[in-house]
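What follows is a pair of complexes built around subunit A, which joins subunit B in one and subunit C in the other.
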Partner chain A sequence: MTQPQTLTLNGRELAFAPGETVLEVAQRAGSFIPTLCHDPRLAPAGACRTCLVEIEGWRRMAPACATPATAGMAITSESGRIDRHRKSLMALYLADHPEGFVGSELGAPDQVYQLAERYAAPTDWPRMDNIRAGRPLDENPYILFDATKCIACARCTRYCDEVEAVTAITLAGRGSQTTIATVDNLSLLDTTCEMCGGCIDTCPTGAMAEKIPLLTAARPERELTKVRTTCNYCGVGCQMDLNIDPEGNGGRGKVVKITSPAPGTTTNDGNLCVKGRFAYDFIDHEDRLTTPLVRGADGQLQPASWSEALQRAAEGLLGVAERHGKDALGFISSSRCTVEENYLVQKMARAVFGTNHVHQCAAT
Partner chain B sequence: MAGLVTTFGAGAMTNSIGEIRDADFLFVIGSNTTEAHPIIAMEMKRAVKRGATLVVADPRSIWLTSMAERHLKLRPGTDIWLLNAMANVIVTEELYDEDFVAHNTEGFEAVAETVRAYTPEAAEQVTGVPAEEIRATARQYATTRKAGIYYTLGITEHSHGTDNVYALANLVLMTGHLGHASCGMNPLRGQNNVQGANDAGATPVFLPGYQRVDDPAVLAKYQASWGVELDPTPGLNLNEMMKVAGTQLKGFFVMGEDILLSEPNVAHLEEGLNGIEFLVLQDIFLNETARFADVILPAACFAEKDGVFTNSERRVQRVRKGVEPPGEARADWEILQDLARLCGADWDYGDPAEIYAEMVKDAPKFAGISHARIEREGGIQWPCASPDEPGTTFLHEGGILRGKGLFTPVDYRPSMELEDSEYPLLLSTGRTLYHYNSATQTRREQGAGFKQPEAYVELHPKDAGRRGIADGDLVELLTRRGNLRCRALISRQVRRGCIWMPFHFAEARANLLTNDVGDAVTGTAEYKVCAAEVKRLSEQPAPVAFRGSYYAVEGPGPGKVDELPMAPVSAADPGD
Partner chain C sequence: MPSQEDRARVPEALEAAGGLRPGVARALARQTGVPEAEIYGVGSFFHLLSEPEVEVRVCQGLSCRLAGAEALLEAARESGLKAEGCQCLAACDQPPALLRRRRVLPALRLDEVRGAGADPGAIRAAAAPDDVWAGQVGPEADDPEHLAINLLGPLDWSGAAFARAASMGAAAVFDGLERSGLQGRGGAGFPAHIKWRGVASQAETERYVILNADEGEPGTFKDREVLLRRPDRVVEGLAIAAAAVGATQVYCYLRGEFEIPWQALEGAITRFDAEGRFPGIAFHLHAGQGAYICGEETALMEALEGGRGMPRLKPPFPTEKGLWGKPTLIHNVETIACLPGIVLRGGDWFRELGRTGAGTKLYCVSGHVARPGVYELPLGVTLDELVETAGGYTGRLQAFSPGGASSGFLPADKRDVPLDFKALAAEGSMLGSAGVVVLDESVDMAWAVAQQLRFFEAESCGQCAPCRIGTRFLRERLDAHRAAVAGAGRGEALAQVAEVAWQMNEGSICGLGQAAALPLTSALEHFPDAFA
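Let's turn to the complex of A and B:
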């Protein structure tokens, strides 16, 4: 076995595994290096130049995300030179970004503004004549592309290509016109796009954003509460954060957006699919049952109180057992409900009514 | 699941989702993973991009086949032929793991004997898959250490579903692809908590933790815990219950399922339900079954209650309440408790954590898991016998759970209903990306409405041409059990002679058509094969758009069929 290899970061000696990048070593050690185009799920692109660091013996600064760690490397991630670089880089990004921190209240925080503030970037540099094309006519219901906030870091297109592998969006154009396009500028609905929303999740600026929450004027991001839960669709068990407007729905709370936990933290590695990320309208749908119903003498279902409905349910089930025996009852539980609820249904069938006729729709 | 318990001693994915990206060989059979389990498919895509070999066995071309090294496009219902022929190759070419077979399994000889007759050449005749492709797949599978099998309902929803599972398990056992990372036998669960519902004992045979009701020691333990006499006779499974609805069964309690949309041969079931005396339904929406309900109890949805779901890889994870339920709706567990108390029980659970604690007390597989621990550590994978154990990433490390893995010889039995002159097509049903099950949730969602606004059936261009059917036409779909109307989507994804339909749409209930003949062991119905015919309707309504459909002949894009040249049909067309 070879000795574990080490390098130094700002004078600190750190071990690293073969294949790790300078950024990965730094992040593992809890040392902050700013990034914009980096996503651990994607191959390094080294495109945004935000993560440049100094390496002893190297004339030029190097992108930490795309530089493999080597033994004995001496890295500096905070210095006057790096600070000047970050300032002017962020000033350049600001010159190509909406003025006055537009839209930073709604939607995910724009990391360009955050980093510009952090490094006190000048805001008065001559503005670029931004003619990056958007797709304003794309009537897909979920994914909004705000071309003015795009920094062409290609996280979204790389995600679409490398992770979701449908390659629905691509970089197009050159220079300041570089934009995120689809074939023939089609609506995402007409492309191979599967509406997973991974482009939104990976976008560092909010140029890719959830259309519905933005257009329905949800509350500012900071007023939303996040509740970590498990998706209720397929059996993968993706972890997700319900973004809740606590005052929505007359105070009972409203789910206004669903976001994924950070990559590398849960089974779904920061990913969600179209259902997990977007199919939550049903929660507040007007068709939800809101009151117990009991079938009346006229054969119609009538609203009833809980005590009346439960009494009727209990009498009905007990009555069948009395007239036809306990095994004349069948209990159908649900793989959509929780473990605890399934436990209670089978316990009710077995311990309360004495039958093993209990099953659910998915036992293969 | 029954098959897995018999073979290995546990009914669940043997390995974990996170291991898929490191696999070197993936055999995906009867699983349209990109649509039914998109996030697992991302892991598979990642493996393939890393250099892994992907082989897909499916009667239909699915998204994954576009990145697969090989697509074994078998005739529906002939899985046993394909799998036994793979076993035949592994046995005759002596590619099996002698050491693993000798030390960890029993019954190998019987399987070796059975598969002798299943030569790849004979299999080609039945399955339509070229013998050389079967050979190549078997060789690659057997000789790659990190080789995993991934399957779903395309394997189990057959009258011989349990046999299919045995045939797959035989391959796993003879190659020893068990007990280490990125291999194993991996059923991908279709619903959020299929695993958890089975874990919790919502089955006629098992109490919580896969403990049999007819095991006297188990029964005695639960009688002591619950303080009541329990019935030692296994109950009826769902398929059996549906068949005796109205005759033997006179009352139902139904929680969170629309049996009238989800169960096969629903016309027969409706007749049965007319003969019952009482039905309680507990759900978040009114559904088809509500027509037969005497009492309907409004429940909270997942965002409105606490508890746990257990995912495909046995990971127990928290469901957390974020918002209050609408109106007077309440969490299912609260309703169940009140109902049980009115029926004479003395339940007094304060919250779901207490219920979970009671469940694990008598179920050793989960004994180390609690809400408090998940709160601290995140999801935990069972088996986890004590609070000091970390949980189990992959099963059977250092020995198979039941002691020795049991080989089970299986022979091919044709599906119960095959095509004939009256019904010359084979119908399979399945899921799509944009909808979910009976679609009570996703049809209230606008994106799904854009992509798949109406029910449809996929039809091969040649089968369509012969019937004068054009893309988007309204057609009538008929089987011996019923008929329905839906749109025709002309697609080369289906084999010639085969049609495919999603089961999500209430106005075109695919399960009016499907066969309710059940698997002998699990009772799971044959949703995947039945004989059918398609006819164009003389009156055609306005066309609808299925936008960007990956499965349409012309592929994604806004083009119309008549603007694009149809693929030429040559004499050399293999007839797929």
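Let's turn to the complex of A and C:
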């Protein structure tokens, strides 16, 4: 038996598993190290330089996100040098960032502002004009790229590549003009993009943003109520958070966007697809059925109770079976049903109506 | 799935397609299987690919500007050429230089550009007719026994050094290298033998050797001369290195503008191959596509693999995980060219060639000297000795940059500091690539600094924030300061410089960002009056 390996973080001895990074060890120990370009789903980039820590015997500070923990390593994550580093780094980020905290928050929280505030970075350094190219003519309905807020951390491009294996977007250009682009700056609609919106989810600043809430002037995320639910577009069971504006719909509340729970907390690991993330406008759509309808003697649909509606459906189905035989019935369930609901549909077909004619649209 | 080779082909396929024109990335993606966005990202990174419409580029580096590069660019535009400025073309000894496609035309005169009209193909440089591109080198009449590289010496195709290394065995070669005290000539000065032993000791047996010929540090043009004049030494040095560390594949990465040096190197490889001198060792030539940062060893590997040339995080170092994740020995051209001499004459011979450090060193000197060029002198000569070899100063010395733009500026009273790794580091500067730029008293130091800051802003890869934002921030601040000085009053334009410089040095991933503030901070320290 080998002893568990240990290192020290700010003098505290911590055990770690082989393969863990300094950041992972610190996070597990509840010790906060700021990050911007880090997403646990992605290979570490070490590019934003926010997570630099001191390691005994190392001349240069090292990125905690990309430095493997080794036995006996003595790490310092709070010191005068590190504090100076965080302050001046965030001040530089701010100099290259649009002014105005509130404006920057309309999409999602802007971690540049959050970290600058946390570390009391100077806010009076001269601002630089934005020179990063965006794609203002990209008419895709969902994903906005605001180049002014981009910090070129490449979380979006790495996510698109490493998690989705789509690679619709890339770092483009060089130096201070480095930006996020598609091939030939085409609209995302003309690329391999699947509109999953994972780029929005992983973006730390709101540079990748969702168009709908921005167009409808949604409130900052901190003023919204999150309600956890299960996506009902298919049977995978992705968890998602409905972001509800409590004052919307005349005080009844209105879903203004959908976000995925943090990576590592649910089975979908922070991922959603185009339907789960963006197709929520049906919730308040005027065509949406909110009560069962039953056709009256005049042939017109009339609102009815659930028991009335189910009664009418049962009568109709049993009538067909009686007149034409059980196999005259067929049941098709929806990919929007859960696995359990699909199980119940086939159970009903076989046990209640006595037919094996049952199918589900996602099976073809 | 695209293979490693498919990806590696991308930059040169983009070049063959005439650069990143609309539709090219998509078409190439269909051929290679590499995602189209990735290809676009690669093409947009390298300026020889990203601006396919540009016909000629005029170097706007410090030495070329001192020689009228701005007027040359203006003349090219007036002639109707699609002309842009560009960064250093490794022709600081023959300024101003112009790049037509991949061909450098050095020491170009205004009338030579004007005479060509709107036809870039008609531009002729009297200084470098036909396929010749070579500058002044020296010393002219020295005993070759005292020169490790000997640029003017006769070419040697015998393969004697390789044969001797083979008979000695790798361990003895490593020992000889250690005794020689050879430090890397690319800029960092890292002891060569440590790298060699590092690669040779890896468990992984697939190993590579890379020649770093991406010479681009402003003020530096020595590798150009080595490739042009002693390609025999370079190829034999590579073969010695490959055999010693157990590699069979050698990759040579030449900056794209080295069209003529490429021919010289390729010719030498062909000649050695024809004579069967280095059995079992294959040489591959790759052209850079326009990015100074690819002189950084891990950025170079990214570019060789077909990616955007952004440096990797270290550790792991290339000796352990280099090209395609395999142990890799990478050396600068000059370092490699020292090897045949060390093997044949012994490490002690090489070490004793130097004065305050081991070996002779190729010093590049440009700016206000009589005969700019490359001079092989004992490591540790002083500026005055170097300039004397180069025909003397042409004005009164005000400042000098001892090792390229990255080394900042030193004042005239540092002229006695030995030009070596240690002594210059102690002055807060560095020997770097030994690209010495001499400035006389006519030069406005704030102006000179501005040129260097423009260089780093243009060549920052953009990966890490301190360098990406810091290089631009400093350049903008200096511009604001100079405008304020020229205008009504001076403000606080330089108030954040010290803090930003600290951040760039502490926070940047690679040496570019770590050094990029030095031209400004060193000038503020040594020439405060220039910023008053």
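Annotations
The rule is simple: the second predicted complex is superposed on the first by the 289 of 364 C-alpha atoms of A that agree within 3 Å, B and C clash if a C-alpha of one lies under 4 Å from a C-alpha of the other, contacts with A are read in each partner's own complex, and residues count from 1 in each chain.
FYI, a contact is a pair of C-beta atoms (placed from the backbone, for glycine too) under 8 Å apart; a residue touches a chain by one contact, two chains touch by 3 or more.
Worth saying up front: this structure is predicted, and the values here are computed from it rather than measured.
Applying the stated contact rule after C-alpha superposition, one finds that A:Ala66 touches subunit C and leaves subunit B untouched.
Applying the stated contact rule after C-alpha superposition, one finds that A:Thr192 touches each of subunit B and subunit C. When both complexes are overlaid on chain A, the residue A:Gly134 reaches neither subunit B nor subunit C. Once the two complexes are laid over each other on the shared chain, residue contacts for A:Cys48 go to subunit C alone; subunit B is not touched. When the shared chain is aligned, no partner comes close enough to touch A:Pro263: not subunit B, not subunit C. After overlaying the two complexes on the shared chain, residue contacts for A:Leu171 are found with subunit C alone; subunit B is out of touch.
By the document's definition of touching, neither partner reaches A:Pro98: not subunit B, not subunit C.
Taking subunit B and subunit C in turn and counting the residues of subunit A each one touches, the greater count comes from B. In the superposition on chain A, contact is made by A:Val183 with both subunit B and subunit C. By the touch criterion defined above, A:Leu318 reaches subunit B but does not reach subunit C. Taken together, the two structures place residues 183, 191-192 of subunit A in contact with subunit B in one case and with subunit C in the other. For subunit A in complex with subunit B, the residues that touch the partner chain are 140-142, 162-165, 183, 186-196, 225, 227-239, 242, 244, 248-249, 252-255, 266-269, 271-276, 278-285, 287-295, 301, 306, 309-314, 316-321, 323-324, 326-364.
On the side of subunit C, the complex with subunit A involves touching residues 22-23, 25-26, 29, 35-41, 44-45, 47, 50, 291, 308, 313, 457-466, 468-473, 476-477, 480, 496, 499-500, 502-503, 506-509. Of all residues in subunit A, only 46-49, 52, 60-61, 63, 66, 81, 84-85, 88-89, 91-93, 95-96, 125-126, 128, 151-152, 157, 161, 167-178, 181-184, 191-192 touch subunit C in the complex they form.
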